[in-house]
Each structure stands twice: as structure tokens, then as C-alpha cells.
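Letters are used for the chains, namely A, B and C, taken in the order the chains are written, and counting of residues starts over at 1 for each.
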């Protein structure tokens, strides 16, 4: 195998794919619960979380940033619920109010604090920098079996593996609770299913995945992967498990094709071109959804 | 931190011609956003504006590329805004198509269009960067908006656009109100709902595009969402709500730009949004009509009335009371002692409660349609709810005059 | 408040139940007893709090005061013996599931996490579907069912719970005549075999034919007891007032405010 290929292409592609799959799996349930835009809201409030974490901890290290972002995501979910229930505001508007306010707060804090002097900007937060997550040690022969070289792997890879694992375990252990409380929450409550806990756990996982994915690939992929693959999969089948399988497939195709199109594909047009891989992955997932909306077998659902 | 003289100057439009124009534009924009947003909220389509605003990015990028291709600077604001408008409408059409033609719900369609269009826009932005065309800085400011680097003709363009949008909303307020308030009535009075919806979406698009350069595409939706949600807490009347929402938007725009002009490193867009958010929080907590505090107060007062009445009736029947909430209420009213035995006032109140229950029961027997309303009324002293003539009429159903002797069973059997 | 000894044969006993949405009362101090081995209806005009009462008893919505005892014990101890059938319109039928998937949800309380559905459980679900004449549609996508078929699936899911008490929220709302007949036959058999059924019902013309007992509700309790004793013109007039048209069944289903609709 071409070693350069492993380090410079395969590792970032793998990171993108892991993020995409973790998001897509959860996205299926967000869509069925008509909560797709929670992903959008949660991804937006990661910014204020990171800025506050920086102000509090005074460092740009990853630990506080992840904690801050996760805390912000959970706080936003809580605030949305509060505004919805106590203020009797419809869910969409409640989300809109909360995430724009928190995002604005994040931008103002960013501008007012020392953060802006350090290398950190909103654009990076939005579309990440997948291309830079390379494994330089992986370009040497035999690196796959060299512990020292392995330690040089981008740390985002490990964190995304962890996130994906958490998602899989959650789905495995809480599958029945999740399905019954998604399909028929009233019945689920009568059965004694902890409906609110399951809902909160789902949103917490979305937050964890959004934060780890965000750090690696930016907010835009996170939103796209939470929604587009699952939406496209929804149009392919009428069964839940096949739908999850389709969404994983679409997520993988988006990640691989998007990364390829951003890198090698654009190089065909001219060597001067370099475009955002994250943006390209999001765009590809949109194209997949468009194709499914035109031609997928179950696109009409019960409306047909 | 805040430069007070500069802030006062900004508030009184004395902080320079550009700042004054931007402030005027922000006020008009806030007003337009607040009023259009009210219709959007009432149609339950607030977040459609989020898809719309994110979908502007590819249009801005393409317009820049096209203008640069034809030898322009690429940073010609009306051209960029036209591109933004066209791609926003395309995004909106995609949302409509996905919700109408597939099984997907509106939330999924909005999220999908938002992220895919935005992703494509980011791709175009990076293409522009790698092409190395000069003056691309103007494009980055579409993400988060900025007023500091704004040219004079840009400021004037935006103020004029905002004025036009505000006037359009005013002109079309009647059909829009009708459609939002009562779709069926609007249909019967000859208003084409689909056209009214299209008009609404056009106005939303106009506000979004106008707001892009000032507030940025991520936050511009806040101008459409926060003011009406805040206004909703103050009133149930549509016309009042439209006005209140416009006012909240305008105040946010004004205060936001003034703060931004007088404090260093304070971008106008996010500050406008934060002012609106502050007004929202105040409304959520303190508005008398639907605010949280008053709502909680009323719910608690009602719950206490229920417990008081049930406790008093239990006293009358000589039953032991187990419900801890009921005991708490009765103790607070000094109707029972610490050991749970009723006091003199408690017995009197119990007797009175029995009388009220009996009178209400008779009243409901005669006026069954009032049941739903009466369920709340019957916990209040009957004298506050019915006229003395009505009460006298009810009392005729009973043998003797009402008793306050403290003994039960003086003609008021509980049915 | 204490449940009197005479309530000990009650499948469900409700005491002083008050529920409000904010300060808008939905139920005001309702007492009710549903006896074991009987089929009971809860009737009352729209907004009378019929569904609210079942939901409050099942702990689905919070109450201001009062309690509900199932077989003389609190809900938590008795969940396995109760099957609740929500309103058909309360779920999104475009959910990616088949008929048998929905019926198998009824087994929830008897399955451990990670355990797979076995052949015998699948067989049991098919038998429940046979009871409602739906076995042939076991692998059909639920989005393709008619209203009556959807209701039958819900009933089959409740049967799969093997409960002693069935609580049904508007089981006959918007279903075809054949389904109504199937369901009522099934419920009568269930009660004859020792079960108890309580249904929110809106069609006054069938109360006498379908039910043993009736509770007439309009925010407060109007009357309750055997159909012969409680289902009288006078009680109905008190509950429905001018809205009662005795011979025309009420057709507006789901008009009750499930949540505070004043948003």
C-alpha cells in the first residue's frame, strides 16, 4: 500500500467517516421524533461552550473545550425544553430563540475576550479543517505496527471512535425503550418506560457526538450528517433496522466521495484549487438526499 | 468598558453619518423582521427562515464568482444580495418540494436544505479563496455580518432596502393577518392562501437578504424569530402582537447598533440579537399575560384552592386528611391545628364550603353548559361570581336559611 | 384519603382526582370506582376530562391532588396487570414498523435489554393478531393500514400484555362498523373470562348495549354505577346540557384539549 496514501488520505477520510456514521445513526431517531433541528441547535451552541471554556480555563487544550461544548449543548437542550414548556412556545420557535441567542453570546464573548488573539475563528468552527488531520508518521513504512507512530495519530480519531462506540452501546442497550418511546410516547409512559430519561439521553449523545465531530470536522458536517443520510434512508425503506443500515451507507458514501471530490477531484480542474472537504461532504449528502427524493422506492410513505 | 459619551452620541444619531445610516437601517430592519416574523410564527414556520438564510451562501459565492469573471470587483453589494435572494428562493423551493413530494416532515426538510446549501456555499467560499481574487474579505462578513467596515453606499443601500421591506409589510398587513389568524375565513373572503404564503415567504427572504450584511446569515433568523416570540407573552391580540414585535425588533436594532458603535470589538449583529434575547427573557419571566411568574402564581393559587376546598369538605365529613399538600394549606390558613384537629374558624369555613358546594351544585344542575367554566369558578366565593339575585334564587332550593353554626347537615347535603 | 373497604374489589379506584392545565381545570375532585369483571364506560361531553382521567390515573400527566389505586395498590406495583390503549391518532403511523413489530411492543415489560424476540413470543403476537382478525397482515407496514385496522393493532398490542385491566381511550373513534363489532365482541369475551375493561366512549347510543357500568363526567363526576341506574336522562342532561342530542351519536372525536392549546 502507498504509505502516503494511508497518512494523508485514509486517516482524514476515516475521521470524516466515523463522524458521519455516528451522526447518521442518531439522526434516524431525531427524524422520527421530529427533532431534526435539535442537531442544528446543538451544533450552533458548541461555539459559546468552547469560548466560555477558554475564558474559564485560560487554555486552548482539548479537555476543557470538550467539556464546555458538551455543557453548552446540554444547557441549550434544557433551555429549549424550558422555553417550550413554561413559555408555551412552539418547538421550532423555541429552538430558534435559544440557539441564536447563545450563538450571539458566543460571538460577543469571542470578540471581547483574549480568544480572538489566539488562533481561533468562527469560520474554523463552522467548517473545520478535515484536510489537516493527517497522520504524518503514517507515511513511513510499517507505521501501522509501530506504537510510536501510532501515538502520532490525530487524537480526534480516538475521540470519534469513542463517540461512535457510545452511540452503538446506547442503541444496543436502550433499543426497545428508544423505539417504543419514539413511536408511541404515551403508551411508553403507561408501560413505565423512562420516556424523559431516554429523550434526554438521546440529546446528550447528540451533544457528545456533535462536540467530538465538531472539533474534528466542524459544525456544518455535523448538522448535515445528523439529518441528510437519515432523511435519505427514510425514503428507502419502511423498516427501522434497514433504515439505520441505509443511513450508515449514505454517511460513508458522503464522507468518502466528499473527501475525494474536495481533494483529488478538484485537483483535476487545476492544481490551484483547494476546497473545503467538510463543505463538500455536506453537499454530497444533500445530493444523495435529492436523488432519493426523486427516485427512492418509499419516498412517499403513507401518503401514497 | 462602555464609552458613555459615544453611546449617547450613537443613540442620538450623532456618531457620524455612516453610523446614523446603519442605525436607521437596523431600526427599520428590526421593525420589518419583527412584523414579518409575527406572521411566520403564527403560521408555525419560524425555522423555515433558518433554511432560507443558510441557503443564501451559495448565491453570494456564485454571484461573487460571476461578477469577478466579468471583470468586476466581485464585491458589488446589490449583485451579491441578488445572488443571495435567488439561492434563498431555490432553497425554499427545495424545502417545499421535499415536504410536499416526500414523506419527510418540515423539520427534516429544513435541516437537510440548510446543511447541504451551506456546505455547498462553504465549498464556493474556499474556491474563491484559493482563486486568490482580491477583496474577498467582504464575503466572509456575510457569515457573521459586520458594520464597521461598511462603505457608505452599502449602508445607504441597506437602509433603503429595509425601508422598502417595512413599507411592504405595512401595505400587505391585512391579508397576511387574515391568513394567519383564520385561514378558513380568509379563504371564504377570497384571499388566495397560497399566494399569501408566497408573499410571506418573499418578505421573509427580503428581510433575510437585507439583514445578511449587518447581522450575518447565521444570526439573521433571530430578527425574525425572537421579537414575535417575546411579543407573544404580552398579548393575545394579533394586531397588538404585530406592533409589539416590530417595536421589540426596532429597539433591538437601535440599541444593538448604538452599543456596537460605542464599545470596541463589539460586532453589531450579535449585539442586536443579544438585546432582543434580553427583551425575550424579560417577557418570558415577567409579562403579565403569559409570563412564567404570573403563570406559576396562578397555577399555585388554583392548586391551593383545590386543596383548601377538599380539605374543608373532609373536615365536614369528619374524615382524616392524609394528603400532605392539603394539610399544609389548611395549617397555613389556621383551619386545623398542629395535631390535625379543626379550629373554630376551620369549622366555620368548612360549613361555608359546604354551603358553596351545595349552591354550585344546584347552579350547575340548572346551567349544565357552564360546567367547564364553573370548575374554576366554584372554588371562589360564590358571591364573587354570581349576583346576589342569582344566589337568592339558588338558596330557594334549600329548606332553611344558610347556616354558619359550624354543624354539618343543616339542609345542605352534599350531592 | 383512604379507600373504603368496599373498594377492595375495584380494578381501579380513583379518589379526589384533580387535574389542571395551568389554572384551567380539567378534572375537579373526581371519585370513581371501576369494579373487577365489569365493562365500564366513561362518557361526557368534549372537554369533560375523560381521557385526562385515564392519563392521570396512569401517571402520564401530573395531578394536583388525589390518587388512583389499581387492585388496591399503587400503580408502580401493578403495572404488569394493566394495559393502556392510547388514542389511535396520538401516534405517527408513518413510523418504520410492521404490524407485528407494534404488537411485540406489548411484550416490553417481559423482555430484558439485549434479549431477542423468540419464536414463541412471535407466535404469541400472531395469536393476538388472530383475535382481531389481523394475522394475515402481520408483516404489513403500519402506514398502509386503515383507521379500523390501526385500532385493531393497538388492541392486539394490549392483548399481548396479558393484562387483567384494559384501559382504552376512545377505542371506537373513527373505526368502521366491522372493527367496532370485532373489538366489542373481543372485549366482552375478555371481561367474561374475568378481565376488566374501562373505555372512554363518546357514542351514547351504544352505551347500554356495550357496557355494564358507566361513569358520567363533566370536569366533575356527575353520576356513576350500573348503566341501568346511572345512565339516565336526568344525569345526561346534567352532563351535556343543551349539547345533548340523545339519538345522534357524537361524532367529534379527539376534540378534548390534551394539552393547553392556547399557544
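Going forward, contacts are C-beta pairs under 8 Å (C-beta built on N, C-alpha and C of every residue); 3 or more make two chains touch, one makes a residue touch a chain.
Note that the structure is a prediction, hence the values are computed from the model and not measured.
*Asks:* Would you mind checking which chain's mean C-alpha position lies nearest the centre of all protein C-alpha atoms?
*Replies:* B
*Asks:* Tell me which chain's centre, taken as the mean of its C-alpha atoms, is farthest from chain C.
*Replies:* Between chain C and every other chain, the largest centroid distance is to A.
*Asks:* If you tally contacting C-beta pairs, which comes out ahead, A-B or A-C? Let me know.
*Replies:* Output for the comparison: A-B.
*Asks:* Let me have the rounded angstrom distance from the C-alpha centre of chain B over to the C-alpha centre of chain C, please.
*Replies:* Between these chains, centre-to-centre, one finds 36 Å.
*Asks:* What whole-Å value do you get for the distance between chain A and chain C if each is reduced to the mean of its CA atoms?
*Replies:* 41
*Asks:* Starting from the mean Cα coordinates of chain A and chain B, work out the distance between those two points in Å.
*Replies:* From the centre of chain A to the centre of chain B is 29 Å.
*Asks:* Taking each residue of chain C in turn, which ones touch at least two of the other chains?
*Replies:* 94
*Asks:* Mark out which residues of chain B touch at least two other chains, giving numbers and ranges.
*Replies:* Within chain B, residues 103, 295 contact more than one other chain.
*Asks:* Two or more other chains in contact with one residue: find those residues in chain A.
*Replies:* Answer for chain A, listing residues that touch two or more other chains: 88-90, 234, 301-303.
*Asks:* Tell me, which parts of chain A touch chain C in their complex?
*Replies:* Residue positions touching the partner: 32, 88-90, 172-176, 179-180, 182-184, 186-187, 189-193, 234, 237-240, 243, 301-303.
*Asks:* Please name which positions on chain C make contact with chain A in the complex.
*Replies:* Those residues of chain C that touch chain A are 55, 58-60, 76, 79, 82, 84-86, 90-98, 101-102, 105, 108-109, 111, 113-114, 141, 143-144, 157, 167, 260, 262-263.
*Asks:* Tell me, which parts of chain B touch chain A in their complex?
*Replies:* Residues of chain B touching chain A: 41, 44-47, 49-50, 94, 97-98, 101-105, 107-123, 125-127, 130-132, 140, 143-144, 218-219, 221-222, 225-226, 228-229, 232-233, 265-267, 269-271, 273-274, 276-277, 280, 284, 290, 292, 295.
*Asks:* Across the complex, what residues on chain B touch chain C?
*Replies:* Where chain B meets chain C, its residues are 103, 295, 298-299, 301-303, 306-307, 309-310, 314, 319-323, 325-326, 364-365, 367-369, 371-372, 374-376, 378.
*Asks:* Along chain A, where are the residues that touch chain B in the complex?
*Replies:* 31, 34-37, 39-40, 44, 83, 86-90, 92-97, 100-101, 103-105, 107-108, 111-112, 116, 122-123, 126-127, 220-221, 223-224, 226-228, 230-231, 234-235, 262, 272-276, 278-283, 285-287, 289-290, 293, 298-303
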